[in-house]
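Written below as structure tokens is the structure these notes are about.
The first chain written gets the first letter, and so on, giving A, B, C and D; residue counts start at 1 in each chain.
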Amino acid sequence: MAGKYRVRTDLAMENGEKYEKDNVEISGVVIRKSYDRKKDIHTTVVKIESEYGAKLMEKPVGTYITLEAPSLVVPDEGYHREISAELAYHLKKLLPPHVDSVLVVGLGNRNITPDSLGPRVIEHIRITRHIIREYGEEALGEDGTPMISALVPGVMAQTGMDTMEILQGVISETSPDVILVVDALAARSTRRLSCTVQLTDTGICPGSGVGNHRCGLNEETLHVPVIGIGIPMVVDAGTIVHDAVSNLLETLEESEIDEFLAELVPPALHGMCVTPKDIDETVRRLSFTVSEGINQALKEV
Amino acid sequence: MAGKYRVRTDLAMENGEKYEKDNVEISGVVIRKSYDRKKDIHTTVVKIESEYGAKLMEKPVGTYITLEAPSLVVPDEGYHREISAELAYHLKKLLPPHVDSVLVVGLGNRNITPDSLGPRVIEHIRITRHIIREYGEEALGEDGTPMISALVPGVMAQTGMDTMEILQGVISETSPDVILVVDALAARSTRRLSCTVQLTDTGICPGSGVGNHRCGLNEETLHVPVIGIGIPMVVDAGTIVHDAVSNLLETLEESEIDEFLAELVPPALHGMCVTPKDIDETVRRLSFTVSEGINQALKEV
Amino acid sequence: MAGKYRVRTDLAMENGEKYEKDNVEISGVVIRKSYDRKKDIHTTVVKIESEYGAKLMEKPVGTYITLEAPSLVVPDEGYHREISAELAYHLKKLLPPHVDSVLVVGLGNRNITPDSLGPRVIEHIRITRHIIREYGEEALGEDGTPMISALVPGVMAQTGMDTMEILQGVISETSPDVILVVDALAARSTRRLSCTVQLTDTGICPGSGVGNHRCGLNEETLHVPVIGIGIPMVVDAGTIVHDAVSNLLETLEESEIDEFLAELVPPALHGMCVTPKDIDETVRRLSFTVSEGINQALKEV
Amino acid sequence: MAGKYRVRTDLAMENGEKYEKDNVEISGVVIRKSYDRKKDIHTTVVKIESEYGAKLMEKPVGTYITLEAPSLVVPDEGYHREISAELAYHLKKLLPPHVDSVLVVGLGNRNITPDSLGPRVIEHIRITRHIIREYGEEALGEDGTPMISALVPGVMAQTGMDTMEILQGVISETSPDVILVVDALAARSTRRLSCTVQLTDTGICPGSGVGNHRCGLNEETLHVPVIGIGIPMVVDAGTIVHDAVSNLLETLEESEIDEFLAELVPPALHGMCVTPKDIDETVRRLSFTVSEGINQALKEV
């Protein structure tokens, strides 16, 4: 995907798609797909196993699980519960063994609707750390619930601080065994908006899908395993222009296409994003689905 | 702009633009432009004077005043105040003489951010009707303030009723001399999002810029003069694809273009809209600017 | 309860309590109590059958059903569902026979938390009128669902209009068979805050429990049966002072008490109200419980 | 103020009042009052200079500045601006010399209206740290603006963590020179609700006005100077009962009064608070006034 206008996606599976289309196998990348007809969930597991694969996929080495569930866009409570259970199932497999304390972090800006998924999820997380510390585990009347704490650090324009600075401080004070980071993602395809969940053991790389691994929230930078959980809520406005014409241009040379596309995306589209019209209601609903999945996974650790 | 995919705009001036580009004069349509360099406001007054002009412009006969103020996207309080004053100036000229009572109506869905402009404007309107009825005009300590009432009727999915049904009832009970209807609009160009204000004495035609005048909120249907005030807050997602390629296709025949474009806009874009990323903050700010303009215009009636 | 400081309550059963305490039977007033131990619901049905009873009870002639469910203050979803069912059961008995269309009205100010119950309930009401009018009843796939419409008229400071004016207009346009009016109430006892539901076929008398029946929203003024549904969300701040000392003053003469109490409630308490500390969360939760009860009752009409 | 029912206040000046009433001078406590007639602001400066004074005043050693401005309850923008300026004046005097970096902390629960002052103030604070670190001070086009960062840590029920733990971590990462902590306070008198601002160099003692200094956010615990800024938003419901009767009981012995009062405050009042009816609007307005004061004070450091 060379060229001046870079189509950005946070979904590893979308980066895998262009190689699939060309029937190219990527060394160091294993992609496994399955479909549960009854639940209408497409599951894609992408394992990036080498730095070579990481470079081609433009994502760090690790495991990426994507659940595509088109019916998530509908306000069907029962279905959302099923997705929560599915999410809990995969999340438990990504958790390290013997988890005694978990920090759940909600990234994003609560005042920007499509970016508010993280902060909203935190509102429904079952917090136990202060209870266990005060009264012991028995106070919860269950076995094996870890100490769960949560934080909404805010974005840099609100705090003046790197999320990293805030998290490092809190981690050194509270020493969690694992960190879950929830964030709204960008997708390439509007088809995936608000009906796709990605879980990954590579954490979250805020602001960009590409390159600079050091700025990400991950085990390398935070010295604790970090699991990223995200749902794409926006598509860059330039992307839909790009996608719409690219099919029609298949006969052109790639370099020509790049030039053509670079001109095609007008400056007025910068700062614009594409969202479903009912984004406010959507993000409210999905924050329940995700928090329910997290609550369930952590209950049975 | 015939063809299968119809680009929709609520701005009369945008419909005027394609004729301008071709240097075509439209009989029955007078377009006057001016630019205030100091305030950086482009003002376009479109007068549609005949049914023939109305058909070409796809808007009812009447006057449309558009203020384009690019700096509106910036949170500069002083500048917003200037736009409020400008809006008040034009609004006063559209008001009928001897206004004793005004009903301000905020259309749209308060729970959908880009559609919440109308309801939010109402929150800042200075309401006087109940005070004047109870204590007389002197209670306000000023001369000439009319009785101002306001209503947020909600959208059909929330009420089960036509806005028309609700308004007709309220009008017959309270008999206002003029109705101001505030609504979020759709534009064709992302360049105009959240920095353009349209005032018109033709009211508002919810849901479509075209055709069926009978469903609109206007003097014909409500038997009271209706002034529409709107700011474009969304562009249809299909539109940006359409616009981006249309330049490149200028050499094709128009019928070819239509076919081409119809295929170009993928079904996944239906229900999608393009908005500025900071729409939540934008709509909050603009609702003050508009309500301030209305308050000022009505104070000096 | 004569005297200068009038303790205000919207709950008929609270007005009944002082007679009970004195073991006085009131001619023209029938009070029936029951307790469902399994659900922990106290039900009080007050029937005021004569104008004499109405005067003593300071409420209009009619039926008042009060459900007291202390566990409503706890966020237990299952329990809230039971109360919704109970509410639906009583509401159905108050509905007139052969209801084809219902207008649900949410009174109160959405921007004042304890007063926002009505507007919030409306957000969850299942609206059917526009669907049935467009596609017929079959579109809903069920038998017997009436046309349901809803309105949030706002309060006078927001609209400049009487709720009555707005409703009369809407009623004459849409002719509902019955009107449900939902409102936050004032109670005398903090014990009843946010865990008591009152249903009544006498409508709602906004602003006062006493006297002027003509200003109320009821069958007499709106010419359609009106059912009021309310939950006490505030206690007047003066009331808790009044209540606290009145026990201690039982030996004094009533006229002395009045004088004493009048002095006791300091002016600084005017405009103050007593609410549970978690009122924001409480009103959110209860609005679901009430709307669910209404939706259930109307589904099976 | 011995006795079973403890009237709680976060305002040092209210604790000073009972000694004043008795014309008792407290050794180690200096109280200075002044009144600005033009601005209608009463200013009280309480200096607690000894541990003996601290014990009597039930507040730590330090300076407490209280501005009482009754007109703050009115939505008069000009007046609020004056109070912001007054607040900035006093705040600057409390700041240590040579401040290069400031952390502003908004305590409280954003979802509980009367407790949301802190988080709301943060929304309007001018954040500069990330800009200065990226582009240098010149980027701001002004001299002497310090690096300003901000944090909304949330309350323990939301995070599972002590505010202290979160702050200590963030402080060790970002090393601010001074911390401003904004919080909603409890007052004893409803007269002071939402029209009184307290500034103090003793930080904030969340949850209680009394005793345990070690749990507070202050220089001793955080090793950085901490300035507390608070506005009383609630009065404990028991307090208004207590206050109302205490005048009438002046002839009784103090021990009798305590017993009497302990019985007077009924259990149903626990968890209840007294707030102005328009608390939602009030807290919105005051958060601007406070943040404006902070922004002004920090601009000219």
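Criterion: a residue touches a chain if its C-beta (ideal position, glycine included) is under 8 Å from a C-beta of that chain, and two chains touch if they have at least 3 such contacts.
All values reported here derive from a predicted model rather than from experimental measurement.
Distances between chain centres, each the mean of the C-alpha atoms, put C farthest from chain A. The centroid of the Cα atoms in chain C and the matching centroid in chain D are 38 Å apart. The centroid of the Cα atoms in chain A and the matching centroid in chain D are 40 Å apart. If you average the Cα atoms of chain B and of chain D, the two centres end up 45 Å apart. Counting only residues that touch two or more partner chains, chain B has 111.
Taken as a contact graph, with one node per protein chain and an edge wherever two chains touch, the assembly forms a single closed ring in which every chain touches exactly two others.
Of all possible chain pairings, those that touch are A-B, A-D, B-C, C-D.
If you check the complex, the residues on chain C that touch chain B are 111, 122-123, 127-131, 147-152, 154, 156-162, 165-166, 168-174. For chain C in complex with chain D, the residues that touch the partner chain are 111-113, 189-191, 193, 234, 237, 240-241, 243-245, 248, 260, 264-266, 268-269, 271-281.
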